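First the structure, which I've put down as structure tokens, then a few questions once you've had a look.
Chain naming follows the written order as A, B, C and D, and within any one chain the residues start at number 1.
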């Protein structure tokens, strides 16, 4: 069995069992229970929620990320072991959504960690989530979901962006004017 | 007349005299101790079963014959005790605790004498010698004041014990007119049918002593104190060897198969006196286990663990069936091996970390890997996990109990062994696993001598686990010498109980194969990378943000706290309180009596006159 | 009956020098101590010669008046053995005194000490109950004065109590002697012993009670031992040592010479003539003494007082051994008596040295003594262990024998020995408390204690003796066994050796 | 030659137990899903999971971590070959039940050592709970074991099975009903199903022992669980359901037991740990003791 066939096999199985760590920061978390439970039942695709990043393959970010939460997200993403994929859930992860001009909420999640699939909408319906899962499975089985490799390749760039915003997470009162300037 | 026997006693005495002279220079002291132990072991090779030696002591008006006599039991005991002592003293060459070598040698002399003596004078002499030498050795642990109290407490218990034996010895002497142990036991077994209560009374005088020395249930209170606060290098000997003297004594008297003829049997054909004794053993086992689960001082924890193991032994030998005796002696040996090992590793750990509190240690396994693995093998044996030693004996004990149809005792013993697993893992985790504190960043592994000792002990535990036959054969001889039918045991470790058989090497092979498979599977599957202990899943939180360090955030030691209140009844058992109460009561009476001596001449004159008058009246009445 | 008059020197020489010591005192006070030393040294060598050359049994006859007509000294195994023990311990204490006795009237101290030793030897040697009384008085009076020696006022108090109680004792004794004399018209122990059965039982009982009570004072039996704690504590350590090491021996000897030889009746167990068996009485007294002594020592914080109570209790143990009345029991008693004198005098000497080094007498002061003076610590430990009867030390064998004897006798002695053993547990506790203090550490750095030669010699010798006896008990054991024979078989053992012609009535 | 044969047989049995265990878990997931009105994953889902996990990168906290996990897997593999299952009984004379139980104890020890060498407090809490729970359920189980021992006068599973031969009425299920109930409850605790799953409480302590395990480590954990499931149900079958004439019936009986456990699992909340232990020591222990009394008297 050649290398490529082997990797195809591996990718097939990976697609069949994707375990998910859902990082529920925003209002979008309310859409997950229907996805997990009897209405849409994501387990039939072998997708089950997991407790720790060590065990998970998918990192599902539901909604907006303030700078402090972003720090946690990056930490968690670093703790996941490859192969690992990120689903950005809802407009907030795409462009900040209704927090587009907030001084301490980031827009564009994929400036900081590589996002494989964005789920548009505020907020997306469970069907959308299921659809994204299926899309992700196809990508994985085709071997296209390579976000984690992009992250390792361009690590400096991601790191720079992260540090830039983390710099703003210092206590607000101390350097208020700088914060307002950057906003 | 084999004069090599007397050397077994004389050599240690001479060595201890020499060591006492150079006691100021610790290393010299330890060296002489080790050499003496080794030489004694060497002399022991020339000793065979059936040899005897006796010399006269012009005393008590007649000439006492002090006789040494080598039976199967004694030579077994001699080998295991002296061999372990040699290993321990070899380790203690690099040890810095306040153990005094010459005292250990005194105990060795007493040890050999006790195991060989066939007359009660010598037995008592050696017993007392061992008693005071061990008490003085207990002095000078790390916490001086506590060890002082422990020594006092131990002293009182042991002295009371030996006085009760004193009484028994002379009562037998009055009855038989001889001090020879074998003759007296023969006498007892001859009259046990006629006066069972007499025999029970006399024998219980002895058994009190043995139970105190072995730390069996009502008299267990000194054990945790003496073990926890004795010098770290002495504790292994105290726990591994000295707790066996009591067992040896009981075995001496068991061949009466005492009550068997004298007393009606309780359940399962066990005479009710033995039955009570079985339950005493079971209570000891459970009590020791439960108390050990909640200790924080690791030496105390293992002291209670020794307690429970000796409970096993007593319960087994009290059955006085072939399986029971075999299992009991086998477990005594296993306990000597693994508990000695555990205490030696503790000695290593404590000498490096400087504390014996579980709450202050942790994560040392990367710093002291060899000690870690020795300890691992040790607790595996103590938990009775095949293929290490300690499994076979526990298994045999269950067989023996079940054969006598004592399910409830067996259930409790099983509970004790599960609990043993709990506290053993607690100690294991809190010392070696878990989060390493930065205080121990510069902790080093023990030096070469220690490494050698630990490797040897690991090997021994595995070897006797895989090949129990090498121990079970001599035990079979002992059982036969007690007039019972020994178990069919082959040297290759095919052990057969009454209920089922195990073939220990088979277990080891299957384990070997499966571990090979496990490693293969491990290495063919995807790669892993090593991360530091600080890199842990902490719910996305980086502890430093909260001013927390991993030592504080990832620190966990108080196991089993949730179930503590389940065991509240056990903590209310206050035997200790009873003894201390007696002591205080005596003190009160003493201070009251002291008031007689008012320090006033008239009063003394008055006493004298009153005494005189009383006598006169008495004379008048007579 | 072999005659060996030179043995009179054992009493004569010390007394002679005692009265001539003031002359030496004119030359130098130090000289007197050396003279004492040499005189007692002579006693020691001479008595040892008698003992080892086996010159006994022999009789010393005054002016060729053979007993029972004249006064006589009798040197039996007991006398030879005990005199040697007395004079050896006296010698060692005299060596100690060279260093200890500096202040005050050294000359008179030497006089008294010599008289004391002479009196004690006399008690053991004499064959005449009235001379026994005289020697008791010599010993007594000199020991009051000795006990009063020293700077401390409490010494005076102790000495006074001793004086009062002891004079009562000797009065009672004298009364008893007169009663016997009115009955039998003789004072010779051997003759009385032979003819004791001719007295009227009631009167004999009364006389016996008087004698026993009188002698129980010196033998430290309750309730006649009130003086013990204060006197021992008050006196300087050398004197306490000689009281417990020498006076105790002579006291116990006198008590049981009267109770067993004079009043006693031979047999497997010795009982006494008369309506009341005085051996039983003594046994009860002794047991009470043991219990009371140990229990009072238990709650004692002052080590010296603790030792005093302990020696009271030990005397009780000795008396228990004797009172069993079997050969084994008496053997144990004598053995225990000797061991006790050795160990206890050594302990007192150690206390003296420590006191001189400024160490208090409280138990707490002993904390960490091991660091300050290993020699004294080891010696103290050895003494204490011998007291407790641990093996490898002398005390083991004697305690072993006593317990064995009483259980052999059985009956209510099982109960007695049970009480005694319980008391020994208590004893173990308070001795071990001191020992554990000695080996436990101190926070404060205390200076080392220097022990000069003259106290070191006796302590060392005594410690070595304890271990030697413990390892090889036969040497002392043989002498004790012979002595036991003299006590238990009065006719063959004593009377016939003094007056071969007499027949028992 | 025979050694080689035995070796092959042993490896075969190990593979079988793994396969059956994984299949059971998969079916269990399906059934639970159906109870919850879900569609549920395919029954072979666990094979996908295992393959994925073994092929996924992972982190380790050191050698003790690796060794512990391997030991946890291998010890059970070593234990399963002694279990008589139907006509497959590799070592007929060495099927002492206590020996098997102690071999399984080694697996727990290894697992515990591995995960707690990571120093993660969640893992430690999980282990502490697991050990405590173990003490909880092993006491009633011991009561049952020893009453069966005394009842059928033998301690080896093979002989116990032999003693039950000949019809349904000879099964210990019928002979020792109380013991069976007690053992069934103990089994619930052994399998770590609700209400005794406080060891792995994903919402409280982040799946407890498994918190630091990813990739092949989690895979080993799953393998260990599946073999454990096989052994524990197998022991129950041999003890009470009269063993089996051939392997398929054996597996069927095992599945019946597992199914009952699933049913309870699906509808139960979770005990607190001390509640769990005290429950185990009340009702099942009482039943076990009653059974032992009946047997002895």
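Please note the rule applied: a residue touches a chain if its C-beta (ideal position, glycine included) is under 8 Å from a C-beta of that chain, and two chains touch if they have at least 3 such contacts.
Bear in mind that the values here come from a model prediction, so they are computed numbers and not experimental data.
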Touching chain sets, computed without chain B = A, D | C
Selected pair, greater C-beta contact count between B-D and A-D | B-D
With chain centres set to the mean of the C-alpha atoms, which chain is at the far end from chain B?
-> A
Once you find the CA centre of chain B and the CA centre of chain D, what distance in Å lies between them?
-> 36
Euclidean distance of C-alpha centroids - chain C vs chain D, Å | 79
With chain centres defined as C-alpha means, what is the inter-centre distance between chain B and chain C in Å?
-> 44
Scan chain D for residues touching two or more other chains and write them down.
-> 55-59, 206, 211-212, 215
Sites on chain A at which at least two other chains make contact = 52-54, 79
Contacts with two or more other chains occur in chain C at residues none
Please list, in label order, each pair of chains that touches.
-> A-B, A-D, B-C, B-D
What residues on chain D touch chain B, complex-wise?
-> 7, 10-11, 14, 54-62, 64, 66, 69-71, 73-75, 77-78, 81-82, 91, 93-99, 102-103, 105-106, 108-109, 112-113, 116-122, 124-125, 127-128, 131-132, 134-135, 138-139, 142-143, 146-147, 149-150, 153-156, 159, 206, 211-212, 215-217, 219-220, 272-274, 277-278, 281, 288-289, 292, 295-296
Interface residues, chain B side, partner chain C - complex | 57-61, 121, 124-126, 128-129, 131-132, 135-136, 139-140, 144-145, 147-148, 151-152, 155-156, 159-160, 163, 166-167, 170-171, 173-174, 583, 586-587, 589-591, 593-594, 596-597, 599-605, 607-612, 615-616, 618-619, 622
Report the residues of chain A in contact with chain B in the complex, numbered from low to high.
-> 23, 52-54, 71-73, 75-76, 79
Please name which positions on chain B make contact with chain A in the complex.
-> 535, 537, 540-542, 545
So in the complex, which bits of chain B are touching chain D?
-> 267, 363, 365-366, 372, 376, 379-380, 383-386, 391, 394-395, 398-399, 402, 405, 407-408, 410-411, 414-415, 418-419, 421-422, 425, 428-429, 433-436, 497, 499-503, 506-507, 510-511, 513-515, 517-519, 521-522, 525-531, 533, 535-537, 539, 550, 553-556, 559-560, 562-563, 565-566
